[in-house]
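Notes follow the structure.
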């Protein structure tokens, strides 16, 4: 069962050793060349409209003071408010944030959403922080950005290591500062506070739409197709669930960073997920 | 006539080849060591509280689009609104802006002003821009920053290549956006629009206060002292004027980037300034 | 094929030589008499709630200063935000603006929309202005009115000589001033920026609804009816299109200010429109 | 004792039968000619920047509805917030309001105040209104204008038939709407609510300064000079008081609309004022 | 025809002689015990988040000054804006207001609305006040609360003795203060100003849903069931209408504070309502 | 050395067992009787304009949740913003808060300050709370009140158990919420953050002015007068200092809750204060 994939576009090679934003800019330049846009247009589109770099100092549970560096990049604003996640990671950096904000911009434009792209982040290690420290960090980040975000300005979302609980704290801090209820200031909230049903599996669902469309270019039928899942995290396990439950695929293999399982006759995805869930995990 | 200068402090050497902000951080570290502040305090003070990096695209007089990169760094905000100039220069960069904002912070703190330091800039070459283009650039910069400046937030000022006329445009743009008259949003305005008398010679006057205090450590009298001025621009020429008119010094030499004059019996500073002023110049 | 038109209402004659607003007031007085409203009610309804007359001076492309007079009339506000177009015309005047705002008010009330009427205008000749000048004028008008308009106050729209492009500039200026995205501040935007599909032909479509309802009072069938269009501009040509395509009429004649065509067997409206479109035109 | 008055300026005749604003514009044109300003400058200065014409309907004590027309003209705003009185008079009209706002503008500019000129008014007859009706009218006027006035926008003041009590109601209404205490929104308040000491006699005092300066051009001494006062209202009677008490003049005659008094040896101004005050009067 | 009612819950007795809020707190304590919530949770939930007690003085029609005490209790705000009626009654008191706000909170939570509970009131006797006095009181109440209510903060509604007309005055006052149209600031508006169709009978309709669900626990059929209505006011008469018209019940008896009617074969509810409506009444 | 004290006013006895606000109201009634004000005026003045009762739940250092009840009473607002301290005490209650706000109102009015009275409080025991808990409480209180206070609305101050450090936290929280620097939102700040020099001894200094004026009614001279101080806390010890240093009195006795000292020849107050200061104390 072999899939032949034909790429009609000019081949584009990402050079090695480039930082993420330089890569994104090269992709844009490539697109501009294909569209025969001149240099002025490339220049107008290739840098973020607003990159805010923050510093704030927080008292930790042990009484010490820790200073954090944080970011919010609003890449463009022509077509609507910006939108994008907040990443909490020790290796966060402005190049990555700018690159991801640019990609959000282009993704929104491709599907004609009245939104533009943003991305934010804090250099920190959430795995080493207490729940109280996480709450204080979430609130501090919003306190420093409250004038720059909002339902009609820039709408954050959870991303790497920022859970629905963290968005709830962020929403609450924004609402206290503004003196109003404003659930639309952030997405990815817990369902009880106005979060969207289906958000958790949305990335996976989008992926299965791609699979569904791509398969039409082949003579394969999804019904009964044998599927191996490489990466059985949040996205991968939901993809497996949807493919099994809604498209009638047979999941025969799955692997993650710790190992993998294989059964040539297929296995029940729900049981695999249940098995994997036992140790508590942060949102990734 | 020899001045012996005694430095009681530990010697501090600025390493070669460092960018301006790294140098400023090293000065801070040196100060923290002298004050026996621990690493936590140094970390809390050594990065800007807010650095905003902007991009905007402007139509030039010839119809082309030009994209500009701009900055505003608000280094700290504990003691009051931030304050600092806006620089327009082709070599503007975030390291220099951050360094100058840090220095503003420390200068304000040393003299116990209820203000903190800021600095802003646009990468551009004002010498190659028409008056209309300068106005559009001034207004665009404020449009992009109008939420982040203000009399109780951050108060800009003119700096390299930003004239009183440019501050007038900036003030007007801020007032249109806010719908109120707000002359306190920016300093260095033309006198007719609420500017401060004495601002043009303020840097020079401050310098002569330093001279007046420093000379007390010596046995020299300013009255009749012979003075050579190296750098006869805005600051230097006003220093010369004040030293001659108010302190009774004798100015015997002056030089600038184009050459110099010398008269061992002294010369009249006002005539030298008048001579130099003939070709129209941007504010430097 | 003769249509007998029976008017059950008392005949109302518009006196000659009256200015538009006096005519509108006489229509209101007539209506008040029919409804037996007393003088107090007439007085409360017969003058605009707010008429703003503005002056602003703009630098033209040739460096000269030109001063413009502009208007915004918000006729009433009891039932919701006001709504109405912005006219750019050399003969614009406050009587016409007030009359049109009054008519908007009464039209909205008749169909029970939660909106009231407004109208605005600038005395200018857009045909003699460059694209840059049109943009500057659009932005200046909004800068002067930004406190008086808004999605919950007064929502402008394009009107005589104000194109979708002009509304886009107006929206952008409003958004910059308010610091938020606010596409609902103006209607008639380009589709790419949130404009409404169908707006361009909306006036014509409304006209055809009137024809459809009026014809029911007769024994004529629209299907196959022969139609002559007097005035083949934006409204007239769309009316022709809809009557031909959706109601099955036969368009046999059309005329505009330059001439007319006639074919007793009918002609294809789309081809007539295509033929007429060749020279580029401002929105009328 | 004859005063010879020499006018060095070109004679300027005000044409008969002109409305007040046309007269004011002719004065401006005359000034522009003297200053050799070109037509562009005259055009930029000769029309009000913002004229707001309002209508509102109020329930009178007898239960009837009465509709009022009102004005606020903000003539210019280049040099600071606008400033000017609110007139309540049956013959109020936009030409007069515009003319008086223009004069306020030019008066402020002549003495280099950081203020511009405004003027407002309501067409009404305060003499026929109850105290409750006056209060409701004062509050309604501010409710309709609350977005367009303010300490940093436009600062009203009492004028014809608007007493300190009326300004107190206006201030209170503004403060309720804004949710803050804002005594600087209006001048001419009662002293107990932050009014300025000396305001009531300020017009008169200004007049005596003119007399004092003008008299220097003659060989007359004010000390002991015999003075006749034509118009013994608020301004005239205070002028008489100041001339008598502070400049040592002898007041020998005074007249108002009802009659006059004459005593060639002079009379005591305070007693004349006391006599006149007996019947209660509105502020004029 | 006997209904046996079985209560599976532990019996809960309301102690005699307790004020309303103490009773509500005891109900909460009972619920917390059933849910095994600890004391900390009970404490966090048992007091209102914000209780505002106001005093204002109003001039009555007869010229006297009357001072009113008023309340607004916003019980909780975790799940959305608060929502609740405004009561005008001579016996209004803070205990009742707090209790009703608590009940609103718990009702909203039970049906998972994104709203929280509030309640307000004024100690007054609307039956003894003129229409003008009612309007002034309505407007004064909003003037004192305008910063604390709003579509995204707290949304009032009519309640005891506050009619749709009173909500219209309140909405208008809020809109004047905020300078925008904001019909969503209050519910229970007249239909012409954006009120909700069906609101008047909503309480009754909710009651019939309870009857419909409760009856399922029995072997009775609503179709043809004989119904006696005790309390034939706004709620009771609409219940009777719905039961008769939509559920096919037979209304055989109805009583109110003045008396009752009985017909063992049933009577037409609409005629009974028509009969009762003849004397004009305030909203109860 | 005997002081005869003559009271010309009617004797006023405070009844036993009354709560503080009832006592204050009786004092007002007494004053109204003396001034022959009628009941309407008493009613308008005898209740607070706004009393806000808050509840909020805070996580303590040990992880438990604690719910606090808090108050802010703004007694009147006719003459300016309200002003008054924030008390943190386990026995805080609304009667005391209202009484103290009323007294602030009357004190401000007596000396014709453009301010009115307020008072706030939290029921808590600061002596049992950690520094972190005190900071969280200070910030929470402001978060709940941020819409109700401000330089032009209501300006808090420190009071029982609220130190300058606590006002610094409150100011910072207010500034974060408003996004501006606003040191005028609270008085009693640390000197480094804009506090007023002399504030700590201001109560005492006011007391000595009373002594200085009262003594004039007698034939005693302060110079050399022997003084006994009952209550040697913040106020008493500063009174002693001022009487000794500025008025030349001889302090011969002082006592506080722990005991007293006596020396018939007088003692040095500064040494007594130094002695007492040794154990660290909260502000009282």
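Which chain is which? They are A, B, C, D, E and F, in the order written, and residues in each are numbered from 1.
What we mean here is this: a residue touches a chain if its C-beta (ideal position, glycine included) is under 8 Å from a C-beta of that chain, and two chains touch if they have at least 3 such contacts.
Keep in mind the model is a prediction, meaning the values are calculated, not measured.
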Subject >> Starting at subunit A, fewest touch steps before arriving at subunit D >> reply: 2
Subject >> Any chain that touches subunit E and subunit A >> reply: C, F
Original post:
With residue numbers as the basis of comparison, which of the pairs A-B, A-E or A-F duplicates the interface of C-D in over half of its contact pairs?
Top reply: A-B
Original post:
In whole angstrom, what separates the CA-based centres of subunit A and subunit C?
Top reply: 46
**OP:** Using mean C-alpha positions as chain centres, tell me how far subunit B is from subunit E in Å, no decimals.
**Re:** 65
**OP:** Would you give the residues of subunit D that are in contact with at least 2 other chains, written as numbers and ranges?
**Re:** 147, 179
Original post:
Does the chain-touch network form a line, ring, star, complete graph or other?
Top reply: other
**OP:** Write out all the pairs of touching chains, ordered by chain label.
**Re:** A-B, A-C, A-E, A-F, B-C, B-D, B-F, C-D, C-E, D-E, D-F, E-F
**OP:** Under the touch definition given earlier, write down the residues of subunit E that touch subunit F in their complex.
**Re:** 40-41, 43-44, 47-57, 64-67, 69, 144, 147-148
Subject >> In the complex, subunit A residues that touch subunit C >> reply: 77, 79-81, 114, 150, 152-153
Original post:
So in the complex, which bits of subunit D are touching subunit E?
Top reply: 59, 132, 143, 146-147, 176-177, 179
Original post:
Inside the complex, what are the residues of subunit A that reach subunit E?
Top reply: 179-183, 192-194
